[in-house]
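Chain nomenclature is as follows: A, B and C, assigned in order of appearance, with residue numbering initiated at 1 for each chain independently.
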């Protein structure tokens, strides 16, 4: 599916136009603030925000905070992989259980789990455990549903092949069901991880504990506006990178699965 | 992996040696909301060791049901199926199945697919890969061992499925319209290949098909089935010399066999079309 | 391969569901009675029920509910309209898509609550900042769904509109929107979900009205039964609304 040079060029042009308009907008904001049209106390100068970046990175120990948040995400990932896939496999294996619970799990996906954070605060205190727990709870539904979907989507004829070779149920699961479901499971894990990451950073902000989310809260409470904006941009950047990296990983995993 | 063939039962009138596959009065009935429904009715036949037998019939004659019953994937039927004298209960190690649909494992390479039954048997990695290589070259896919099925054409994937089943060295090779999804030319060439292999290995083979030329080209005997309920209408001995290749398709004798079987088949196919029409008419227009 | 008839299968499903619920409730009550976790983290079911009744009987609850609902409603309206407009523009024009779709796609999955300090600065500590949170939360899923919906419209319908010389506004209201109904509805469902989250989280952080405020108030006074009651009501409403929209989507085919 290779592009013609013409389409590639117009695509580049579009990207450039998009980036250009965003940049123009920023410059416009800068000009309007300097002109006094926009209150500089409410919206800091973009140039000031830019200047705040190095200050924030150096003074606020951003790397260490980034590592803290990453650790929380990694714990959530581990829990999701073990319990999410495990529960999904359980639901697939026991059809009655699946018919009973699948709608509940789907409803869970629509539920605002993160709003239980005050409850988790009471149970686990202001700690990383609370943060990881919410991240895990937020991503769980996606992993379970995608695991079930992947397992259930195994082509009937492949199961027949297994039966024709007289595989035991354990062999059937290990050699046919699981490999067949792997692409779907990866999609689910990625989705779950994204939800987890979003909620982890959010809860860090809310409970004023942890890594990057807490940084924003800290800077905001200190009324250091340029730094607050800079930190927000930085966190958005990190989440974009996380999203892109997991997207690439998923595609690579699906190709070699 | 060959089951020991004990010649215990008395020789039936139609064969000099014990048949390898003995299908005795097999019937399959379903209960549907519209009432009881018979898919196949009192089908009996045998397959001798080394024979290539085809079962042909119109759509709806219960061929696939027969395939699933003999293969042991369906347990609830009347009659008996015996392999080398012993009745089957579920899937049997002596029966290797090749399905109509795409059945290669997309996550394994060609070689790993073919090595699958050897892996199950507990063979060590090096030995089973070497052995699998033999079967890969048997079906003419040497050089493609490390490819994944997605990189191959439909015909090549079916060859992989066949090689995989052959690697388990079954007493009986049971195939359900393996070439149905392929174009005519590929089908003829693959049919050739399968016949070659069958003659070389002296592999007892039962082929389910709806393709007349294929049945006559490959088989020693053709069993013609009626439209629903599927019964055995006729058995035709194909006395064309071996080795056969696709050239024999043009010969006069071939033509006569085809005409003979087509006469029966056409009757059944017409009955089938009429029955479908009647059913659609009875169902009435959709609201 | 269960040989049960459809009705006996459904009965089994409901029995199993009932059994699971019963086990959970019993386990809860046992945990509450055992005193294993410190006081009131797991209150007895009776205590939660009492708190629930008290809550639903209290007019103060309803004023707060109305406040939250209002914030979500306005935010959803603003974010929804902007999202629809952006999605339609992106879906309709490949150049616009090339310019801005990546922004939507990559900025979508980011935690919006971190923008709250900015929203406070711009819109004050009252309802305004909460509405803004709802708006920026729901903008993204709605825009993305609308763009996908636009792309999915059968090209021939667009040609029909053009052949009748429909003006842009007419194209939008008479062709684009009706044709996109299903994906847009999905987007609104998702958008509502995140709008609820965005608004309520903002209320828990800084507010003196709304359900989120009540929840954090219950937390700070360690009134656990009340917190559970609030969470139960909140979840019931959120899941209920989501189901309703889903049903509505299916019926209006």
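The rule we apply is simple: contacts are C-beta pairs under 8 Å (C-beta built on N, C-alpha and C of every residue); 3 or more make two chains touch, one makes a residue touch a chain.
The structure displayed is predicted, hence computed values, not measured ones.
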item: Middle chain, criterion being Cα centroid separation; value: A
item: Pair of chains joined by the greatest number of C-beta pairs in contact; value: A-C
item: Longest centre-to-centre distance from chain C, chain (CA-based); value: B
item: Mean-CA-position distance for chain C and chain B (Å); value: 55
item: Inter-centroid spacing, chain B versus chain A (mean Cα positions, whole Å); value: 50
item: Averaged-CA centre spacing for the pair chain C and chain A, given as whole angstrom; value: 18
item: Touching residues on chain C, where the partner in the complex is chain A; value: 2, 9, 12-13, 16-17, 20, 37, 41, 94-100, 102-103, 106-107, 109-118, 121-122, 189, 193, 196-197, 200-201, 204-205, 212, 215-216, 218-219, 222, 224, 227-228, 231, 234-235, 238-239, 242-243
item: Complex contact set, residues of chain A against chain B; value: 155, 157-158, 160-161, 163-167, 171, 175-176, 179-180, 182, 257
item: Chain C-facing residues of chain A, complex; value: 10-11, 13-15, 17-18, 21-22, 42-43, 95-97, 99-101, 107, 110-112, 114-119, 121-123, 194, 197-199, 201-202, 205-206, 213, 216-217, 220, 225, 228-229, 232, 235-236, 239-240, 243-244
item: Touching residues (chain side chain B, partner chain A) in the complex; value: 71-73, 91, 93, 95-97, 99, 101-103, 105-108, 116-117, 120, 168
